[in-house]
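First chain written, first letter: the chains are A, B, C and D, and each begins at residue 1.
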């Protein structure tokens, strides 16, 4: 594991963008899996500047790694968010976007293998130690991409997040370990304890992201606040 | 994980040898970590035929992944066994042999990184689910190369194996996950239950080799007996 | 460049097979490009034994690297020969066979890039220094996959080989340089001078295979006769 | 080959820096070879900001790829320039700097192989089509790292550049082809014709950099002026 500590959110975003653009600038098909949410907003803002309307990145393909369907909508929460934050403003060709859905999840790992594997994946860290859709109490380290029906009894369940009885999908720990470079970005004091827990504590399904310590090429980019509780 | 099932011990050994020779035949420095014990005897017998006195494999460097010191002897159990089975009959240059010892173990992971990383590691499976020196009850998934003092209270302790109070060293799960291709060979009916447990059961420190399910490029070579309990 | 010298044709074939099986045994999609002709006959005989009806190699995809169409036949000389020597006896699934043809050649390099690139290519050496369909006087080092119309004036033209006015296709030098490991097999005294010329002489379009000296991961496997003129 | 065209020198420098930082941010030893001269000044200015006094890049090792000795000085022209532009302001540890010299050049290719190979090399383009020290009329494509005595008769010879009778060293075309990612930066209208010549013209020792068309992972970053003569 390589930990890079940056001054603030902007510097963290800049470094993450650099790593992604580094991959994208190669003379080969490049497969990226990227995260929705608030943490990557600064990364995507910068990437859009380089990628928008550029013919230089037509070799890059995009995959989401989890999805929550929305009743009455064609596309789910994650891909909708990714379109808004990055894919639409960067004007990415639809042929380069490969949505993971509740319908096609069982083919995700095979599809990725057939496409040559993921070169890089950008992920965030949940305040409860989750990564992708791998939540405390419902994560098994031996999982590939899987589907989970929400019962409302999960300790992480919050009303409004997802309706009880709905199913969501996520790439599991085994799927994520196959990514050639994994980039974890975390900012803010609120996550400092969890950063220490998952990066320096025991590997345990109780804190799913602790399994990332086993990844052979993990780059963690933290702002100073998120890094403040780490042992030197 | 890719599982290859061969008819018998000889066919298993042949396939494992092929994979190792494939790595060794590249035009670059190749770093291998290889296992002592009975399982690889057929692999080494075949490798010696190709490698002995050949100038073609001077690019290959060898590392052991665990070591048990022997009172009054300069070298430990593992490297002594590897010399007998392979390094001496294959006439490997001493400059290409990089022993792990109780003295230098703290530098092992850094040294491997400086040498460009391990291209392949050949390992076996213990009847109790151990791999390398990662034993039930004394393995932590978050470990790099570590040293362990034997108390005699370990459930896996057997008199004669190692003296109480002695320390042995082993590459830990995190170290092993960094190997580019991991090759696990297992033969015989006696290990069939454990093969099923670690390859198809939950990932748990109770059965340390179960963590290998997370390796991004694991090739398992079994004879038919060792594979006999696997779910299809 | 790594040169491995084996006693005879059988040993050369065994070593080449090992390298290919090494690639094929990985836990990922593996893309191979393989050669027709007499030199690889021993390689394929051995590979068929391992691969026939085995579920272990369904991750392997096959590509030919050149093709000569045959009037009145659906498939050309190369793929017909590959089917006879290997693909049919090994019972390879049709979905894993990706023929290069006069019709689809313009898409070959892009298709390979989209499929994740070639992991390995097995090639032979022509007595005139050609490799794939890259012939003396008609090869440009800057070529990707290209089509060539035969005029009958080429110095390498022999009646019966291909009809005048026909077009053949081949991956060019730039395409071949992108293969991750290139394996060149040559046997017999008749080719010993050309082996020396292309491996130890100047890089020149006069002897197209001389460009292979620039490949970053080239393994040459020779029998003793083919190696007999090499400078030590 | 992947060509990225940026608006100007600053944008070209920013993109080249991103690619280099991408490599440097991996959790492994990273070996870089970087160029002296005027073209990379903007790249290094940006890299110093990220790297200076940061513990995050201690995994990065630096190699120069050519050297011209200076009478009466301990170090040559290239490494002296690299120290001034980058190594000293970035405060790089001396243990991470691996100078190529007239004395050690014969070991350069072996040393790089032992260190795990170069992950990336940043190069510029000479107005006469040279790259590294591979000059017109004195370059042989089949060369590894080599030494050349200047006679003063070379067409590229200019008084003051190097004294007649002195020897300089450079990595040759074969050495450069082994680099995992090659990054070529060129700016300015004066080089536009040569950019077209070496990237879209025939591969020929007359214009040494034309051989780079054969590199399997070449990223070319041009400003708009340098790209102005390219065929679309």
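Here is the rule we go by: contacts are C-beta pairs under 8 Å (C-beta built on N, C-alpha and C of every residue); 3 or more make two chains touch, one makes a residue touch a chain.
By chain, UniProt protein names: A, B, C, D = Glucosamine-6-phosphate deaminase.
Small disclaimer: the values here were computed from a predicted structure and weren't measured.
**Q** Pick the pair with more C-beta contacts: A-B or A-C?
**A** Greater number of contacting C-beta pairs: A-B.
**Q** Can you tell me which chain lies farthest from subunit D, using the average of the Cα atoms as each chain's centre?
**A** B
**Q** Where the centres are mean C-alpha positions, what is the separation of subunit A from subunit D, in Å?
**A** Between these chains, centre-to-centre, one finds 35 Å.
**Q** When the C-alpha atoms of subunit A and subunit C are each averaged to a single point, how far apart are the two points in Å?
**A** About 41 Å, centre to centre.
**Q** Using the average of all C-alpha atoms in each chain as its centre, how far is it in Å between subunit A and subunit B?
**A** 33
**Q** Tell me, which residues of subunit A touch at least two other chains?
**A** 28, 59, 216
**Q** Give every residue of subunit B touching subunit D within the complex, in rising order.
**A** Those residues of subunit B that touch subunit D are 28-29, 59, 113-117.
**Q** Could you list, by residue number, the parts of subunit D that touch subunit A in their complex?
**A** 1-5, 15, 17-23, 25-28, 50, 56, 59, 181, 216-219
**Q** So in the complex, the part of subunit B that touches subunit A is made up of which residues?
**A** By the definition above, subunit B touches subunit A via 140-142, 173-174, 177-178, 201-203, 210-211, 213-216.
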